[in-house]
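Read from first to last, the chains carry the letters A, B, C, D and E; within each, the first residue is number 1.
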Amino acid sequence: MWLWFSKLGSPKWFYELSGKWLPWLVAFMVVTMTIGLIWALLFVPEDYQQSFTNRIFYVHVPVASISLAVFPLMAVAGAITLVWKMKLADMVAKCAAPIGVWFTGVALATGAIWGEPMWGTWWVWDARLTSMLLQFFLLIGVVALRSAIESPDAAARACALLSIVGAINVPIIKYSVEWWNTLHQPPTPLSMDAESANGPEIWVPLLIMIAAVYCFFVISLILSTRNEILQRERRSQWVMDIVAAERV
Amino acid sequence: MSDQSMPVQNSAAQVSTFAAFRATLRRDLLIALKRRNDLLNPLMFFLIVVSLFPLGVSSDPNELTRIAAGTVWVSALLASMLSLDNLFRADYEDGSLEQLLLSPQPLYFMVLAKNISHWLISGLPVVLLSPLLAYMMYLPADAYWTLVFTLLLGTPVLSLFGAIGVALTVGLGSRGLILAVIVLPLTMPVLIIGAKAVADASLGLPLGMHYALLGAILAMSLSLAPLASAAALRISVN
Amino acid sequence: MSLSAAATSPDAQSAAVQPLLRAAALFCERDERVLFSGLDFSLFAGEVMQVQGSNGSGKTTLLRILCGLNSGYEGEIFWLGEDIDDNREGFLASLLYIGHRVGVNKILTARENLRWSSALHTPVTDADIDNALVRVGLAGYADVTCRNMSAGQQQRVSLARLLLSPAKLWVLDEPFTTLDVHGVKVLETLLAEHAGQGGAVLVTTHHKLDVPCELRRLNLDKQG
Amino acid sequence: MSDQSMPVQNSAAQVSTFAAFRATLRRDLLIALKRRNDLLNPLMFFLIVVSLFPLGVSSDPNELTRIAAGTVWVSALLASMLSLDNLFRADYEDGSLEQLLLSPQPLYFMVLAKNISHWLISGLPVVLLSPLLAYMMYLPADAYWTLVFTLLLGTPVLSLFGAIGVALTVGLGSRGLILAVIVLPLTMPVLIIGAKAVADASLGLPLGMHYALLGAILAMSLSLAPLASAAALRISVN
Amino acid sequence: MSLSAAATSPDAQSAAVQPLLRAAALFCERDERVLFSGLDFSLFAGEVMQVQGSNGSGKTTLLRILCGLNSGYEGEIFWLGEDIDDNREGFLASLLYIGHRVGVNKILTARENLRWSSALHTPVTDADIDNALVRVGLAGYADVTCRNMSAGQQQRVSLARLLLSPAKLWVLDEPFTTLDVHGVKVLETLLAEHAGQGGAVLVTTHHKLDVPCELRRLNLDKQG
């Protein structure tokens, strides 16, 4: 068990393994993304009230659901960094933060674009939107902290700590915001109702898109982690070998 | 790393832990006393920020009544935040922080002492002044006590959470703002609950739930936040 | 390893005597520059060890690593034979560190500063503090705000801690800066006294240390 | 003391004054660039403080519309204020400020350079972001341009006045708050005029007067505030 | 007045030669303690003058007064025979001061620091800066962030200013702190060179200055 764990923590092992997986992941993503997009854009019946813009649904929901996963991911990686001092965990956490910022940003943007036709405004201070915005701020805080601390080791541990504290706080924020707003405003259109009202021709492509976007997320995380590994291990023999091999 | 931050076992060390705790508390209060500004400033800042609203927003009493709870809470939060910078920075710069970290006493208690003194200096005066400001903002009289009590429960949380942010950033060149970016989102729940409680009180709604929530958050942050700050300090001093 | 040879190991210590502090195979690099690697040394009771090296050779880094303030290293450090991570509290109770930044708050007076920094280790009385201040040449300055002292006087306030602490191991990073000739004498005497009482001192300085006792040298320039 | 702060006469010195001005400006911008946070943080702080209000006060669009102008202005003011600490403090602590004071160049221009760089870092981004926040606060669309223009005229004044406060307190131990107490009252008029202009714009009232006033204040503070800051710096370094 | 006698005035300077800097009847007290009173001295081109005195005797205060950074004094100071208040710009153009706090920003690199501090006086090229850094032993450190330098290396960055400045008068407050043995040599040579080229140096230090040129001493301890 321990052996397996330390092997998992080895950047070299991860680099090699992920190198094998990457082509498959990319292939899977291309297929699902193509099917999902074509289905979503061309074959889903036009909604009575949403017109063409409702297609953004198929981007918004997958992206938003991934954004929610980023903080827990970073917190787990952070805990591993702090307790076992595993370098790989920190590299993943470091790469996940900016990707998380982008995904959260896209979720906010697509939500806003969708909100315009649906609610007649780009932004409302609704519970879900607000908690998402706050998470966005926290993620930017993590990225800013990382860039502000020069020593990589200290930065790793500081960000790990902040991610853990933030991860405890994200549900609290979500809960308190929800509880704060439901008393003020009627429940928002963000619910599964719309979905269950529609048939599988709506949600099957959605599931496909979710798979595709998850894949996209994993691929970008792996790519940027591989990059980070090469950066940090650039003076170890195996990286030099790779670089030499690529030069030839 | 963080295990020495836990309370110690043997009683001999515990006696001296208390002495060290008291000495640290007294020292920080003494420093604040000597720079009288530290005592006056959170108060003044609180006063000024609150009074920006009648100037910037509207001087209509009805309008002010509606926004009173929120603005007083937001201002209290900002006042706490602004005074946070004093918490570890000077100690970092003159090397006292290293001395603190090298004390054989559990760091948890040392950080707690600093937190408590920070709250006594910056939080408590704000709490005590809040009824006056509430009056100036035409808050309904029913809500005064709620304001005071929620601030009493909430401002320590601001200090405790804030300390984590300061501890994380104490070694960095740029001050203040990165702190705000980290700390403000963390303290948002307290703000929401506190302001909501005051607003509910003006409407005569029941408040038990709010108090329970604030109390729970306070208890949690009292026990966990100093640990996080202690760990953060060890990282920053590196 | 070259190091243990470089340090003029006194023959008085037989292998049977346990060193107070022992470092084994220390390795540290910063900014891709190896500061030291395979650094081994032992510090015995009664010794003053001067860490030497040119600017940037890693003296400060070494001292901070030994105190546990800097964790960017590899290797092991033992206090009385125990790994310092295993019994950190015990180690810290026997340690007194004064770094480049001396830990003197400018708003407090000398007395208030010393009262606090002592309370972190052992309680002291006001009389103790007065005596210590007199020893370091600050008679009459006990209640002066440190902001109103000269650079050397502030340094002296921090050195008064040496007299108030029961710590066995002193780790001092350039404690002689800004001290005048008389101050240097006083400090050198203090170091020798401490060593004479069975303590040990690890000190960096660029000036020629003239202590009336055993003096070993650890030169970091040969490393790297 | 303060007479060297006046522009110099001979042309040879003037050329070199410009070089020194440019070098100081470039240095400060470089420092900010290197700590990317300095660029991001005023913005983030602005964003976060503005979003405290819907959370603390009310999320009702009508309510928010009414307080929009005031809160955006107050937040801009606080964001400028918080970043002020960076203006001279680091230079004081590392001794660069003494070097600046001992330059044969007129101090007026050196201080002006530091002010301009501070505004470019902390004020301008806030101005540029303000329409987004105005949208989120449901400010009527008519008032957007007024908001941007008044902030464009007003935020430099905040930097310039703020600099006086920082210069006066730079040698003191306690940070941030004394500053707020000195600076906020000074900047109050700007806040009042700015917020009023935006509010008037949403109502479709004429704005010429407000712009004229803000412009006059800006012109006055551009020529006088750096002189005051320069004099204050000489006193503080003493 | 006792001072002008104490300073070993070199006979080479006849009364006809004008001193670069002259202080007349300086008086300063801090916290009700008189630091010096009736202090007269002249500094001529080609001289290095070491200001001596025990900790707290007022060396830093004196240097800051001479530079105009501290105005809590009585008496007069002349630069080339003119009161420094009358032609402050002229005086500042000929002055280079490095104090206890050396004026090195930790976020910037060595080069960026030097570029700015030079721009306040005279423009310099990048090649000048490189040469200066090599002279003070920081070859290869031009683009290292100062935060990542050791204490002595930061001190060296500030000393590189000496090589970039055309100033006639150097006022240096304990410039030798944290310098290693080799650094001390380099600085001593710099001082002598400057004096040799008709400049003048006013320097405080507690170590025994060993400059290969004219050295005068001003002892503040005899005062007060």
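Convention: contacts are C-beta pairs under 8 Å (C-beta built on N, C-alpha and C of every residue); 3 or more make two chains touch, one makes a residue touch a chain.
Fair warning: this is a prediction, and the values are worked out from it, not measured in the lab.
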item	value
Chain pair that, of all pairs, has the most C-beta pairs in contact	B-D
Chain at maximum distance from chain E, centres defined as averaged CA atoms	A
Whole-Å gap between the CA centroids of chain D and chain E	37
Distance from the mean Cα position of chain E to that of chain C, given in whole angstrom	31
Where chain A and chain E are represented by their mean Cα positions, the distance between them in whole Å	58
Separation of chain C from chain D, taking each centre as the mean of its C-alpha atoms, in whole Å	46
Where chain D touches two or more other chains, by residue	35, 37, 40-41, 44, 48, 55, 58, 90, 93, 173
Of all residues in chain C, the ones touching two or more other chains	71-72, 100, 106-107
Contacts with two or more other chains, residues of chain A listed in rising order	134, 137, 140-141, 144, 148, 151, 153, 177, 180
Touching residues (chain side chain B, partner chain D) in the complex	31, 35, 37-38, 40-42, 44-45, 48-49, 52-53, 55-58, 63, 66-67, 69-71, 73-74, 77-78, 82-83, 85-86, 89-90, 93, 172-178, 180-181, 184-185, 188, 191-192, 195
Residue numbers on chain C that touch chain A, as the complex places them	32, 71-72
Chain A partner contacts - residues on chain B that touch it in the complex	1-2, 164, 168-169, 171-172, 174, 178, 181-182, 184-186, 188-189, 192-193, 196, 213, 217, 228, 231-232, 235-236, 238
Residue numbers on chain E that touch chain D, as the complex places them	67-72, 88-90, 92-93, 95, 97, 99-108, 112, 115-117, 119-123
Of chain C, residues touching chain E in the complex	30-31, 53-57, 59-60, 100, 137, 144, 148-153, 155-156, 174, 177-184, 206-207
